[in-house]
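Presented below are the structures under discussion, each in the form of structure tokens.
Next come two complexes, and both contain subunit A; in the first it sits with subunit B, in the second with subunit C.
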Partner chain A sequence: MNEVFFNVDAGYLEGIVRGYRDGLITAPQYLNLTQCETMDDLKLQLATTDYASFLQNEPSPLATSTLSARCTEALVAEFQYMQQNAAEPISKFLDYITYGYMIDNVILLITGTLHERDTHDLLEKCHPLGFFDTMPALCVATTVQDLYSTVLVDSPLAGYFRECLSAEDLNELNIEIIRNTLYKAYLEDFYSYCQTLGEPTASVMAELLNFEADRRTVNITINSFGTELSKDERAKLYPRLGNMYPEAQTKLARVDDMDQVKAILEQYSEYKSMLIGVSMNVSSSSSGGNNAELSLEDRFFAREVQLNKDSFEQQFHFGVFYSWLRLKEQEIRNIVWIAECISQQQKDKINNYTAIY
Partner chain B sequence: MSSLVSYARSAISTTALGLAAWAGLYLLLTGRGERFNVGGYLLRLSPHMWGLYGIAFCIGLSVIGAAWGIFISGSSILGGAVRTPRIATKNLISIIFCEVVAIYGVIMAIVFSAKIAAVSSEGGFSASDYYTGYALFWGGLAVGLANLICGVAVGITGSNAAVADAHDQQLFVKILVIEIFGSVIGLFGLIVGLLVTGKAEDFAGIV
Partner chain C sequence: MAAVRDNVFPTRMNLTVTKARLKGAQTGHSLLKRKSEALTTRFRVIVRKIEDAKLKMGKVMQNASFSLAEVAYITGDISYQVRESAKRATFKVSAKQENVSGVLLPAFEPDMQAGSQFELTGLGRGGQQIQKARAVYIKAVETLVELASLQTAFVILDEVIKLTNRRVNAIEYVIIPRIENTISYINSELDEQDREEFYRLKKIQGKKKDRAAAAAAAQNELDELAKLSIQDGNLHSEIGLSEDQSAARNILAEQVDEDIIF
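This part shows the complex of A and B:
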């Protein structure tokens, strides 16, 4: 019966978001982008895409950071157009998507304050999708209690913050723990919200969020090697969902090196194929692509793109909004990657982007 | 709040059930059980009422189906046409397919209402009148329901067609074929409605 009532609130927006999807850069266009010799060439090529109107007024020596900022602006403009036109169930769904960015912004501000960076610089670096009213006040907070009672209690993140209040003070490790605890609470909440939306939104989003949870689980595991994070604490940071919950998670909580992670991942058919040819000795922080082989992170991106493309195969569900945003983000990462390769004269690595269509 | 609502609901339904059981048992145990007579009640209803109900269902449900279908495909065409304006004119055919469903309903309502005539104060209860009334009622309901479902089916397929056409032009004709099959469902209802009422005599009118 979903098909009969879906278009009442979401028909127009679904058409819009599918239009946006058709605006994503295709394989021939990527080929043209990678052929560019200078940044001006790149700008010329991008003039045939949706980014044209955001780039046309930029002065000619185009910096990669400006390119990235303009592309994000294009993404935000499209997302905000949808938010402005959204009625109840979708508007809440779109709000849920922005909570992830809010978490990143909060962490960025706390970390910046810890390192005594300038507030205005920090606010400029925040992702515009995760902006909320009381955010600039975050810079004055010095303890976790402060942070919660003065700022976050009025933001949508208040509910997620409850579990972090036990943390004593703000240092590097605690901030990382706060980030992951917040994100864990957010993922679980988003998942249970999607399950209330009924089929097929529930099943489509379940697949996407399960993947996201698995990726976070693996990343937390890999990043906690060689830190003072105890294994019990590590297990507490894993989101309680995903294909690897709970069996593989309890195993991952106990491992000490990459080979063991690989052995656990290989039990899952969808991740086994992903691992072929991945050099597991590279720590995930070197995703800058210093070697020709693709890192595990790139494989995760490729798999994410595949899953997000699949969600467009069905009509009448909300997953397309989430998927479009993820694909667009990946596209911006690709453009920035290509631009970096061009500006740094590293043409041999230019093809290491994750193609979408 | 919700527990209060569910409590009130169960209280009302239990009371209603109790009253009905009491009334039924009262009639039965006092030897007047035959007063509960469904058949007699139906026979006392004027066949004209059945006929007019049938016509109302026929046109009403058909129009609901058509409007619903137009709305489902229309909103998708609207959204899809923002990026690819070319789909707007082409996908008008989905709207027309939905509209056809309403036209079926109108045609059938006109055919049915040709059998209606004004009735004298004591007439209108002959065996032929009963048959005409029932035939119009069930024929009209069949046409109406068939058109309602047909309209929704064509609407959903039309929405698919719009979205697919916006993405890839070649898909339009393929989905249009499916849409045509969907719109034939309404035609089945139309044929059955005509056959059911075909044998019914006109109402006698003022004698």
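This part shows the complex of A and C:
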């Protein structure tokens, strides 16, 4: 029955988002971009894309940071247009998408507060998608305790804070651990929310979020090698969902090196293919094979793009909004990567981006 | 130039002193020359090293900024997190001094401290790339420190070499010729004095001779006169005087004679 009434509320937005999807840069366009010799050429090529209006007023020596900022602006403008036109279940869903950015912003502000920085400067650095009404009020708070009791309680993130952190934790724990704990709570919450939305959305989002959870699990494992993070703490940061939950996660919590991670990942067919040809050793890839060798991170990106593309194959679900945002983010990363390669004259690595269409 | 000399009084004493100075200047010259050669050798080595380090730096810096671009691709902007989580410096530069032929050259040494404060940055995504970028940047900073130490040595050595060469040239072309001029001046003056003295002595001797000759001539005249008077006496005695008178006269004549000869 879902499909029958889907278009009543979501038809317009779905049309919009599919239109946006067609605006994504395609392979021939990427080919043109990679052929550029200077940043001006690149700007000219981008004039045929959706970014044109955001770049046209930029003065000529275009810095990659400006490019990245403008592209993000374009993304935000499109997303906010959808948010403004959204009705109930979709607006809630879109809000959920922004919570991830909110976490980053709040963490940024907490870091600033802990180091007694001027929080007004920090607001400019915040991701616009993660902006919430009470966020400027964070600047008023001077201690972390204040921050929580006056501002965060009213924000959508309050639940995540309440569940996993006490006020003392905010002072003592490493800020990265807080970030990952919050993100874990957010993923779990988002997942359970998606399950309430009924069928096509639930299954499509389940797949995407499971992948996201798995990726985080693997990354946290790999990145915590040789750090002060204990294995128990590591296990606490794994999101309690994903294809690898719980069996492989308990194993990953105990591993000490890449080879063991590899052995565990090989039990999963979808990740086994990813591991072929991936150099698991960071140091060897930095010294020896500097060529087109892809890192595990790149494989994850490719896989993410694939999954997000797949979600467009189905209709009558909200997953397309999430997928579109992820694809668009990947596209911005690609453009910035190409711009960096051009401005730093490292043309041999220019093709290391993850093409979308 | 050739006429320049020290304003000294031309005496034998000053000649000895000036000769000692010449000796000192020559020793100093050869020492300074050797110092300047040693410094120049060192300088060449440093110039070569600087060239290598600069080429290396270009490559390393390119690598480093590219690895940062990789981090940006995967993680996004991490600069703020990294800045805030850095509490103490892990990379310090200590300066020590190196002695090259009496010149103190500062040498900078990187001093790494183990551990990093932001090892958890990018835990959820891109941590490996961040650590890699960190390693690459540490290498870049090491190269920069090396280059800084070489450049400082380069500047200082350059200065010192110029100074030393100036001194060498000053000694070679100004001081030594001046001392030599002084010596030859003193020598010529002394010779002149010698000649004058010699002439003076000759002159005195000549005068003395003249005077002696004049005296001798006067004596002869007296003798002649005496002889003449004796002959007169003889004539008188022949005319009419006694023997005693003539004998007494004779003795007197003899006495006069002796006196005059003296």
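FYI, the second predicted complex is superposed on the first by the 316 of 357 C-alpha atoms of A that agree within 3 Å, B and C clash if a C-alpha of one lies under 4 Å from a C-alpha of the other, contacts with A are read in each partner's own complex, and residues count from 1 in each chain.
Convention: a residue touches a chain if its C-beta (ideal position, glycine included) is under 8 Å from a C-beta of that chain, and two chains touch if they have at least 3 such contacts.
As the structure is a computational prediction, the values presented were derived from the model and not from experiment.
Engineer: Using the overlay on subunit A, decide if subunit B and subunit C clash or can fit next to each other.
Structural biologist: Partners fit side by side after overlay.
Engineer: Counting residues of subunit A touched by each partner, does subunit B or subunit C come out ahead?
Structural biologist: For subunit A, the partner with the higher number of touched residues is C.
Engineer: Could you say whether A:Gly130 touches subunit B, subunit C, both of them, or neither, answering first, second, both or neither?
Structural biologist: A:Gly130 sits against neither subunit B nor subunit C.
Engineer: Does subunit B (first) or subunit C (second) touch A:Gly100, or do both, or does neither?
Structural biologist: neither
Engineer: Contact-wise, after the overlay, does A:Glu3 reach subunit B, subunit C, both or neither (first, second, both, neither)?
Structural biologist: first
Engineer: Of the two partner chains, subunit B (first) and subunit C (second), which one does A:Gln315 touch, if any: first, second, both, or neither?
Structural biologist: It touches subunit B, and subunit C stays clear.
Engineer: A:Leu13 contacts which: subunit B (first), subunit C (second), both, neither?
Structural biologist: first
Engineer: Closest Cα approach between subunit B and subunit C after superposing, in Å?
Structural biologist: 29
Engineer: Starting from the residues of subunit A touching subunit B, keep only those that also touch subunit C in the other complex, and list them.
Structural biologist: Common interface on subunit A, subunit B vs subunit C: nothing in common.
Engineer: Under the definition above, what is the set of subunit C residues touching subunit A in their complex?
Structural biologist: Residues in contact with subunit A: 62, 65-67, 69, 72-74, 77, 80-81, 84-85, 119-129, 131-132, 135-136.
Engineer: Per the contact definition, I'd like the list of subunit A residues that touch subunit C in the complex.
Structural biologist: 64, 68, 108, 111-112, 114-115, 117, 122, 125, 174-177, 179-180, 183, 215-216, 219-220, 222-224, 226-229, 237, 282-283, 286, 295, 297, 301, 333, 336-337, 340-341, 344, 346, 349
Engineer: Spell out the residues on subunit B that touch subunit A in their complex, using ranges where they run on.
Structural biologist: Subunit B residues touching subunit A: 68, 71-72, 74-84, 152, 156, 159-160, 162-163, 166-167.
Engineer: Any idea which subunit A residues touch subunit B in the complex?
Structural biologist: Contacts found on subunit A: 3-4, 7-8, 11-16, 18-23, 315.
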